[in-house]
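Labels for the chains are A, B, C, D, E and F, by order of writing; each one numbers its residues from 1.
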Amino acid sequence: MKLISAIIKPHRLEAVREALTGIGVEGLTVTEVRGFGRQKGHTEIYRGAEYTVSFVPKIKIEVAVASKLEDQVVQTIREAAETGEIGDGKVFVVDLSSAMRIRTGETGEDAL
Amino acid sequence: MSGIANRSAVPFGLTLSTLFVAFFSVFLLAEPALAAEAVVNGADTAWILTATALVLFMTLPGLALFYGGLVRSKNVLSVLMHCFAIACLASVLWLVVVYSLAFGDGGSLQSWIGGLNNAFFAGIGAGQVRADTTLPESVFFAFQMTFAIITPALIVGAFVERMKFGAVLLFSALWLILVYAPVAHWVWGGGWLAGLGVKDFAGGLVVHATAGTSAVVLVLVLGKRHGFPQDMHPPHSPGMVMMGAAMLWVGWFGFNAGSALTAGAGAGMALLVTHTSAATASLVWMTIEWVKGGKPSLVGMVTGTIAGLATITPASGFVGPVGALVIGLAAGIVCYGAVSLIRVRLKIDDSLDVFAVHGVGGILGTLLTAIFGAASLGGMGLGEKVGIGDQLWVQAVGVIATVAWSVVLTFVIAKAVGGIVGLRVDERDETEGLDLTAHGETGYNL
Amino acid sequence: MSGIANRSAVPFGLTLSTLFVAFFSVFLLAEPALAAEAVVNGADTAWILTATALVLFMTLPGLALFYGGLVRSKNVLSVLMHCFAIACLASVLWLVVVYSLAFGDGGSLQSWIGGLNNAFFAGIGAGQVRADTTLPESVFFAFQMTFAIITPALIVGAFVERMKFGAVLLFSALWLILVYAPVAHWVWGGGWLAGLGVKDFAGGLVVHATAGTSAVVLVLVLGKRHGFPQDMHPPHSPGMVMMGAAMLWVGWFGFNAGSALTAGAGAGMALLVTHTSAATASLVWMTIEWVKGGKPSLVGMVTGTIAGLATITPASGFVGPVGALVIGLAAGIVCYGAVSLIRVRLKIDDSLDVFAVHGVGGILGTLLTAIFGAASLGGMGLGEKVGIGDQLWVQAVGVIATVAWSVVLTFVIAKAVGGIVGLRVDERDETEGLDLTAHGETGYNL
Amino acid sequence: MSGIANRSAVPFGLTLSTLFVAFFSVFLLAEPALAAEAVVNGADTAWILTATALVLFMTLPGLALFYGGLVRSKNVLSVLMHCFAIACLASVLWLVVVYSLAFGDGGSLQSWIGGLNNAFFAGIGAGQVRADTTLPESVFFAFQMTFAIITPALIVGAFVERMKFGAVLLFSALWLILVYAPVAHWVWGGGWLAGLGVKDFAGGLVVHATAGTSAVVLVLVLGKRHGFPQDMHPPHSPGMVMMGAAMLWVGWFGFNAGSALTAGAGAGMALLVTHTSAATASLVWMTIEWVKGGKPSLVGMVTGTIAGLATITPASGFVGPVGALVIGLAAGIVCYGAVSLIRVRLKIDDSLDVFAVHGVGGILGTLLTAIFGAASLGGMGLGEKVGIGDQLWVQAVGVIATVAWSVVLTFVIAKAVGGIVGLRVDERDETEGLDLTAHGETGYNL
Amino acid sequence: MKLISAIIKPHRLEAVREALTGIGVEGLTVTEVRGFGRQKGHTEIYRGAEYTVSFVPKIKIEVAVASKLEDQVVQTIREAAETGEIGDGKVFVVDLSSAMRIRTGETGEDAL
Amino acid sequence: MKLISAIIKPHRLEAVREALTGIGVEGLTVTEVRGFGRQKGHTEIYRGAEYTVSFVPKIKIEVAVASKLEDQVVQTIREAAETGEIGDGKVFVVDLSSAMRIRTGETGEDAL
């Protein structure tokens, strides 16, 4: 199993969620994060002084999936999240050594 | 009130025992010594009761929110606490001694300070009319109290995010007695500045110049916030700032139009010019930001509002609407420049710009009163044979005296408080935030 | 109004058909039955119009914010909703029947309850002057209405985070009719406590003792919050609490100084003592926390404010400023102790301390009125040949009657409402929070 | 004022040079041309000073918070900014020209528009009494100004989250001059609708019908928010919405009861009926939601409040309390239906329902004034020999004229502003939110 | 070493923390997240229009533990977090390739 | 590739970001979290009752880097985040099985 994390632009969340639902993903977890990267933050002015806010609001989506679905899920996320502009974000994948559904105690792919 | 009021008492000489006697005298002398000849005017009383509520509203919650929104979220409660605690402390001190020092009979020292004859409201009958007004003295007392509440609270903006709570209280108490009481007496209590003919309708000198000047002196003694100026943060809640500013604006109607002490055309015109200056200065500040940075900000606009309000304050009973337009324009431009100069260029960490907005505004307005108060410039007139130049000179004397007194006394008080309880929290507490370290609370548990 | 007012009507006996007739009678009898002899005083009217706005402001948004900030964020909207809906409901009921029960002519039952003659404002001409005042009856009606709005809303603090919305409304409606209306009539409407000489200037008994006592009874019927007391959470927004407290303070000027019903020295002194007690009690609470725990908190300080305000309420027309200092001192100490006793030690989940602050404060103030109302202690005087002891006894009778009536009736109403619609939400809803489960909204979507 | 007021001036004809002369005339003509014969009444003045503060409070911060809480958190500051900036701009314009156009002497054009004689407060002595009132003209001027502040600010609710800041200001300025000034003149300034006998006590037509109608027209020109209606978000802070609504309610006492312009029974009754309608409509809206969806919401309830307040506004000086109950009932039902129709069914993105609540409410109330104003229905009477049908016809003419003028002029202004500066921000800014992109700030840095 | 992430219902956090403390876990990190899965979100009504909020508030707990403790920790979490209702959440486990305590520079299991 | 997560004290964030930028790290993602560990929470008093807040505010920084940079990045974080006091936090490293830049579709180390 794989745990796929995607850092995306906040306003793409709904599109990504719909796209993933469309290919049969049944669950995912979302975190509000702040990103630092090529896309620069912004400057706020407060009474004549400048404040640089280096971080940009982003959304992190985490989806655990069976390994064979990895490519499809990554592609789906990419398509839904892409705007073509700097700051579109990343997809990271790590191996999941085990998974369990708390309610039933099911493990492995049944838990997803 | 024979035997109670020590007519030669000066602030430093007031002894606990004198106050003790005053405290109990109110039980013994329930009958007012002086029969009230004047009559209460119900309409004026109705308006000043309302104005009293409006001015209290300026501090609680107006000013508290205005300042609270400007700091970081880890210090928001400490700022609200400062404003609230100062308001309570000033109220009690007002009753104990400050009203008497400001508005009591100073006897041979009347030019400099009032006496202790009205400490604990002693010697004032429940139905007594305040001299030279049509108001019950209780109403005059309460209305003036709300000014004594907001003035030390204004200084909070200078020392946010780093001053010890105990030091805040001690400083404010001493400051109220040693700076506010005398200056209020000089200008409004029949003291020497009143004698000179200084015009300060609602507190350009008494409130804004004292608080603003003291703010910057206190900051120089106290020091900058850790990380100032390179590592600062934008206001944690501009919406809270705006809410506070709006309440200050509404409450300022009580402040300025209430200072007419009557419900008539004088109050009406004071309200109108107050409003006009506030609106104009807001638009000016907005425009400057728009032209300079491309983005007019909410915090900028409402800072302009406060600048416009502080600046019109001394002038509000003396100028006409077009004078108010010009005063608002000047307020916006000059206070904007002052902010940039003091905090941004000189890097003095008067954190929320108390001097640049209130001090500069109050002084500017005091001087402009001499100009736009002239009948030839739409004002109510400067008085028989008083030219603009004459009045300007008188106003300048008022400014210099007020500033000098505030600077010296604030320096002494700040040093004294520093010696007694220490002024600053330690760096770790400053980093963690005063809400948790000084008050054991967190601002937002969402 | 012959034929409409059923002079022997008591609350339980009021029938829908009677109200129906009253409702339409206003269309039929536009001419007031009684010619107004007295004249309206404009100044008094101006002040009471203002006071009415101030007292409404106490509930909306003052009290709502004060309570809303104290709960967890998942229940904040439900608390605001409770206060708002109760305010609306009380307003309509006031017009329909409660004003008439409290201030209408009770005929042979006048000692106990008013009649139905003024239901739906029937029998009151548009320009009619309220007896014994200089106010149009519409103004007196509206001013008193704002008291009937805040009183049931005070009880909200007892049952937050667990009571069904339908039960809240039904309880409040019945309580207003069965507890508030009679007690208001006894004390202010010419009933038996007024006859005895009970002094309650602005509602120590009528407002605070009724609400506070009923709060604790309701809690005993309703039960504790799930997880109380071991698993509690600090207030989700102390800043919101402070904002509400500040608005309550400002609005309380209308509450107490408005209760003078005139714009004169009486109102002025009421305002002054109200303010003094609030400030003193705030400082006392702050000091206790500082001494005991090392950290004076914002929520603690403003709780002291409300204690000081509730306690001075019955006394505010009768005592002087030094009396107010002592009352504020007593309020801070006693109410602090009461909170620790009731919620912390006895583990009664009167969640936001309605009884400990309002109930205890209102009762304490009612008793202290007898002491500091004495002319010898700086008060306005207890009346010819009335000693402190005499008055204390009368006040105690007032307290006992009010408390007893509130306890019994609240118990009956709570049981009845529990039987009809059920008092509590189920545990799952309580865990998830009332905002979402009862009102379909979330407090903060940041 | 010879030579200054151009009596044939119409809005389009006012030239900068005329204003320039007016600006300086106030310096030259400090002496009022007209001696004030009438006398100021202190009580009335006290009340209208208070009412002025209350009505300003409605916009700042009331309306700003009401609207600000309804949008997404990324646009909250932009909404506050819109309300604040419009308030400032309207205040200055009021002084410059709008007051004169609305209430000045229009000479031969008096039926249609006032003159420029009072531009920059020219020709009004500091102590002058406003004709047909007992108020200093400065007080009347300021009170009316607060109406001119809130009216364009009401329209903000229509175009939130997408309109350019520059366009907001330009639109509001032109709208104030071209829509508000003439309609205010027609109804309150002695214009043709006043001549016809149209009854609009506090602005059902002048304020709510103009703003509401213009709102929907502006939206049709401006277009929907990106993602409307399928991808919408619930209000980001219902608590802020409630706070704003509560402040609007309290402030509305100044709006309606202040419109009596005296402190007497008329003001008292206006306050009472205002309150009654607000409370009733709130309960109605709550009940509809409860019955339909199972969950009465806070935002729903306070929307009902505003509907009740807007609807009673034109009627508030003419109806009795039972009439107000019925009007509140009608307001709740009809405005609820209008919201569902316009935004939900017709999918017109009048984002915060300005037309459905204010437009529909104002029009409904204007018509109902003819009915419940009748003495036979508990009202103050429609006048000698005026039947309900007659008055209804007159009211309908007022509605049609106001709506037609608002529609046409708003369309022209919107197109013009679109041509000059463009109405909408680009889509990227709309997506990122106006707070950051237009004002360089973020709402919450917690 | 293993990094165990559990997505749980917010009101179970205190119970889980206590249970973990009970079996000797000395540290953990908590994040507020929003979940999408079988448990449906809710509908809010705003003035006649319906808004669907698809996400449900959840809490993510992250605990780094020695590999041999994996089973015990996962079981403990499960027991404390379970309510038996849909939406109880998941436990995911990934391998931790290294760990360090910032204060001391200790690495490996000593860092936990 | 490695995915490095550091739990640090909030006021060290700026220093860590600058230090990482200094060694050429071009992107990172930040999450506000709450930590439980040796550093104890605090007690709040509310009207006479004590509330224990067990959790301490922390910041989680996530950086995906080429494997060869792991040590340098971990050391850099450590140096910038250390204050020497309890609660300085942890650095955890897991293997990243793949990464992709959403904007361009680049994968592997090019995506970082």
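The rule is short, and it goes like this: a contact is a pair of C-beta atoms (placed from the backbone, for glycine too) under 8 Å apart; a residue touches a chain by one contact, two chains touch by 3 or more.
These figures come from a predicted structure and were not determined experimentally.
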For chain F, the least number of touch steps when starting out from chain C
1
Check every other chain and keep only those touching both chain A and chain D; list them.
B, E
List every chain that touches both chain B and chain F.
A, C
Out of A-B, A-D or B-F, which pair touches the same way C-F does, with over half the contact pairs the same?
A-B
Counting C-beta pairs in contact for A-B and for A-F, the higher total belongs to A-F
Chain A-chain E contact: same residues or different, taking over half shared as same?
different
When centres are defined as mean Cα positions, the distance from chain B to chain D in whole Å is 34
For chain B versus chain E, what separation do you get between their C-alpha means, in angstrom?
53
Separation of mean Cα positions, chain E and chain C [Å, integer]
46
What positions in chain F touch 2 or more of the other chains?
31, 44-45, 53, 94-95
Can you pull out the residues of chain B that are in contact with at least two other chains?
41-43, 46-47, 50, 233-235, 293, 295, 297, 299, 440-444, 446
Just spell out which pairs of chains touch, all of them.
A-B, A-D, A-E, A-F, B-C, B-D, B-F, C-D, C-E, C-F, D-E, E-F
Write out the stretch or stretches of chain D touching chain B in their complex.
23, 26-27, 30, 40-43, 45-47, 49-50, 52-53, 56-57, 60-61, 64-65, 68, 76-77, 80-81, 84-85, 87-89, 91-92, 95, 120-121, 126-128, 135-139, 141-142, 145, 165, 240, 438-446
Over in the complex, which chain F residues touch chain C? Could you list them?
44-49, 51, 53
Considering only the defined contacts, which chain A positions touch chain D in the complex?
11, 14, 42-45, 53
Of all residues in chain D, which touch chain A in the complex?
231, 431, 436, 440-442
Would you tell me which residues of chain C are touching chain B in their complex?
41-44, 46-47, 50, 54, 72-73, 233-239, 242-243, 246-247, 249-250, 253-254, 257, 262-265, 267-269, 271-272, 275-276, 278-280, 282-283, 286, 293, 295-299, 301-302, 305, 320-322, 325, 375-378, 380, 443-444, 446
